[in-house]
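You will see two complexes here that share subunit A, one where it goes with subunit B and one where it goes with subunit C.
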Partner chain A sequence: MRYHLDLYIRLVGVQIRSQLQYRASFLMDSAATGIVTVLGFLTLALIFRRFNHISGWTLWEVAFLYGMVEAAFGTMDMFFSGFDPQNFGKQIRLGLFDQILLRPVNATVQVLASDFILRRLGRIIQGLIVLGLAFANQDVQWTLGKILYLPVIFVSLVMFFGGLFVIGATITFWTVESIEIINVFTYGGSEMMSYPMHIYQDWMRRFFTYVLPGIFIVYYPALFILGKPDPFHMPQFAYFLSPVAGFSVLLAASVFWQFGVRHYQSTGT
Partner chain B sequence: MDQIRLFIELTKKALQRQMTYRAAIAAGVLTNLFFGLLRAAVLQALYVGRSEVAGITLPAAITYTGISQATIGIFAAFSWFAIIRSVYSGEVSSDLLKPMDYFTFWLAQDWGRSIIELLLRSLPIMLAYAVVFGITVPHTAVQWLALAAALWLGWLVSFAWRFLLNLSAFWTPNAIGVARFGFVLSWFMSGFLMPLRFFPDWFVQICYLTPFPHTVNTVVEIYLGLLSGPEILMALGGQALWAAVLIAAGQLVLQLGIRKLVIQGG
Partner chain C sequence: MPKPIITVKELQKHFKIQKHRRGLTGALRNLASFHTDLVRAVDGISFTIEPGELVGYLGPNGAGKSTTLKMLTGLLVPTGGEMWVNDRVPWKERRAHVAKIGAVFGQRTTLWWDLPVIESFDLIQHIYQIPKNQFKQNLDEFRDLLDLDRFINTPVRSLSLGQRMRADICAALLHNPPLLFLDEPTIGLDVVAKERIRQFIRFINHDRRTTVLLTTHDLSDVEKLCERVMIIDHGKLLYDGALADLAERFGGNRELVVEFSEMYTHPEVEGAEIIQCEGLLVTYGFERGSITASELIGRLSVKYRIHDLKVREPEIESTIRRIYEEKLLE
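Our next item is the complex of A and B:
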């Protein structure tokens, strides 16, 4: 464990140093990767000038979801890039995963450390700015519990999205053809969770409740923190399922990943 | 005459190449449909208690989410780095030697690509939308003709813009970053995320200083019948004008670029 941690830090450290070699280029890339976040929020804000609210939620209430999801997705994308299905699928196709398996080091650690994208900081920072604006523009009845819960929600989101990346990467062991489908769950999931879940059709919401517990990750915590009514009348503990849901998805993903690695057959090229 | 035959041959080759990505296109259709569903849900929730906003009824707004997803493929709205890759791989040197204008060489191939996208991606998306939501359709033959013209001109504008973005590879080793930025701008200003009519006037005016609305937004407005006779002509004229400007700019930049180009030797 200790050995793997040292190795991870060393491998990631090398990448950070190399990415910082070209300062100007790094700063520009960071700004560009985050610009989608800011422009996306500006679009939302402009749209709200005409519509005022989205089924009972104000712009700043939605901004809580949006900022949280963006910052957490950016964080996940920084740490889990090695598992990004698009890139990992390419490695599988080129047979590069065989090299990883040949090295006498845990494959998971190698994949995790294979791609650490520091410029995602741009997206994280811009997500946090939106989150800050959300708090500054509404009266949240803060309690100690709510303040302590915030970082828990954040980490749960990171685990949830990370789990989706790992599941997506694992699927590429069997097929690299229809990889774009996985975007539905990763990018689609993050877009979906940026809005209050009660706006979606029942079947979509049920899927993200009972199959993939996305609804508990940020929507229920938001109801608790912002003091919004629960349209589905779930038991009160649903507010606090965020870490349970996030951890279960990551756990299930890593079991699936281990299974995939054990049954991996090379492309043979 | 030879040039026309070459053009058709290149288009055919591109058609065949794009056909080999059938599975990817099918996956793309499902992805586009899912995002369309999300957008439709957001618009439905925004419309609660209203039947019409800025001249757009709720059924028209739902139809809009289908159109905006259906045009992604035709306009290659998310990414298109073909020229950048050819510059970095060195293929560009043989492409420039071909007995054909360099812009037309790529135009012919993109034409083939976008025909396949129209048939295998845009049409299935609109059909699925028609089944799931029940869409509105243009009422008159004039509207259908105008729609065809708007799609074609919109494709031309999008291609000329992508060509220009890709030429940045002649100058910088980080052209993909530059081009990606150009694509991001177009999402926000083309009316791809929301119909431009929903935005404040000042924002729409800024958008119309760029070529972006002349792709998705014009197609949307003509399809939904938001424009009347002379306005349709104005819209198509705007597209034609921007296509001409971007093509001319592309030629100019290309001439400058070729002088600058250093082929990576092997």
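Our next item is the complex of A and C:
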């Protein structure tokens, strides 16, 4: 454990150093990934100028979801980039996963440490700014519980998205041709969760409740923190399922991942 | 008798290969049902390797060399048979196993693409938890033998193929593995680079007593390095023995070049045929097994006056090519 943590820090440190080597390009990249977030939010704001509400939610209420999801997805992308299905699929195709198996280190730790994208800080910061604006422009009835719950929601989101990346990466052990479909789940999933779940059709919402419990990750916590009514009349504890749901998805993903590694060892590529 | 470092019994690896039907209807049918072909990449091979041996593993493309190597290094789980390397079953204890072997797969680097070579070595020290003085001692020695100094601070992506191979071989040995797997270590290199790598392999084997198993396409590697060769084709082991015996058994015709003291027209002799006649120099071809060189020389010296002579052995390269092409071992 100690050894793996040590090694992880060392491997990630090497990458951060090499990424900071070109300062100008690092700053530009960070700004660019951030600008995507800001532009997305401005588009959202423009829509609200015409409609004022989306299904009973104001711009700043949606901004809570949006900022939270953006910052968390950016954080996940920074840490879990090694599992980014697109990257990982390429590694599999080039046979680089063999090199990982040739080293006497836990394979998961190596993949996790194989790519660390510091410039995602741009996206994270912009996401946090949107979140800050969301709080500044509405009256939230703050309690100690709500304040303590915020970082929990954040970590749950990171675990949830991380789980999706790991599942996507694992699928590339079987097929590298379906990257686009996998991206629909990872990137599409984060896009969906930036908006209130009750705007979606029933089948989609059911999918994100019972199959992939995304609805509990940020939507239900948002109902609790912003004091919005629950249109689906779930029991009250649904507000607090965020960490359970996030952890379960990551856990299921890692079981699937282990299975994938074993499959890889029995078939090669 | 020391215990073998590698024991392989009836090892098998079968792959199911998906058949792809072509065209749009084919693609749709692929989705509906998977048609698979069974490929026996490794089909029941057995051998043992003793500590300190340097063994060449030969075979044409797709013969099963890489698959065998992947199983021995713990990357692949066998379909059947048994295998112990360093007293371990490689795929069962992958991490403990790979800590005790070195492996270089010629086409791919184990080094970090963007890092200077020396920093990759530092990371390897931490990964294998190599004691400081052992690391320093090995690095000093290997740097010298492999002539790494000129590019040790260069990022791996900017190295030439030969430099990268030398760095990779060094990296694979820093943790003093008792066993080294080399897959095509000289592929694509020029003569000088090849020779340097061969010398280093010889050093590692002789001076460090490292057991080496190497696959190669370049038979001069084998000729210069290995006493023992194993030949695999279609997943089966065709030959396992001394390189010299291989030439003995399948070498084809030997040649005797004779320089006579005086001119003869058609200086024929029983048991050999004249291949070339150039003034005083005559080349005879004769079959191994039917007549020995000394018998032939005896017969010739009775009939003619000989000034000088030389026996030519067939080259190993043509021998092995004949084995593949004429399927002499099946």
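Just so we're on the same page, the second predicted complex is superposed on the first by the 264 of 269 C-alpha atoms of A that agree within 3 Å, B and C clash if a C-alpha of one lies under 4 Å from a C-alpha of the other, contacts with A are read in each partner's own complex, and residues count from 1 in each chain.
Criterion: contacts are C-beta pairs under 8 Å (C-beta built on N, C-alpha and C of every residue); 3 or more make two chains touch, one makes a residue touch a chain.
Everything numeric here is computed off the predicted structure, so don't read it as measured data.
By the touch criterion stated above, A:Ile181 is placed in contact with subunit B alone, subunit C being left untouched.
Of the two partner chains placed around the shared chain by superposition, neither subunit B nor subunit C is touched by A:Thr143.
A count of residues in subunit A touched by subunit B and by subunit C gives the higher number to B. Of the two partner chains, subunit C is the only one touched by A:Leu96; subunit B is not. Of the two partner chains, subunit B is the only one that A:Ile47 touches; subunit C does not reach it. Residue contacts after overlaying the shared chain place A:Val105 against subunit C, while subunit B stays out of touching range. Within the superposed three-chain model, A:Leu7 lies in touch with subunit C and out of touch with subunit B [touch as defined at top]. Using the contact criterion defined above for the overlaid structures, shared-chain residue A:Ser25 touches subunit B, although it does not reach subunit C.
Once the two complexes are overlaid on the shared chain, A:Gln258 sits clear of subunit B and of subunit C alike. Within subunit A, not a single residue is touched by subunit B in the first complex and by subunit C in the second. Across the complex, subunit A is touched by residues 15-16, 67, 70, 73-77, 91, 94-96, 98-99, 103, 105, 108-110, 112, 114-115, 119, 123, 126-129 of subunit C. Taken together, the subunit A residues at the contact with subunit C in this complex read 3, 6-7, 10-11, 14, 18, 94-96, 98-99, 101-106, 262, 265-268. Of all residues in subunit B, only 23-24, 26-28, 30-31, 34-35, 37-38, 41-42, 44-46, 48, 53-54, 174, 177, 180-181, 184, 187-188, 193-194, 198-200, 203 touch subunit A in the complex they form.
Per the touch definition, subunit A reaches subunit B in the complex via residues 25, 28-29, 32, 35-36, 39-40, 42-43, 46-47, 49-51, 54-55, 177-181, 183-184, 188, 191-192, 195, 199-201, 204.
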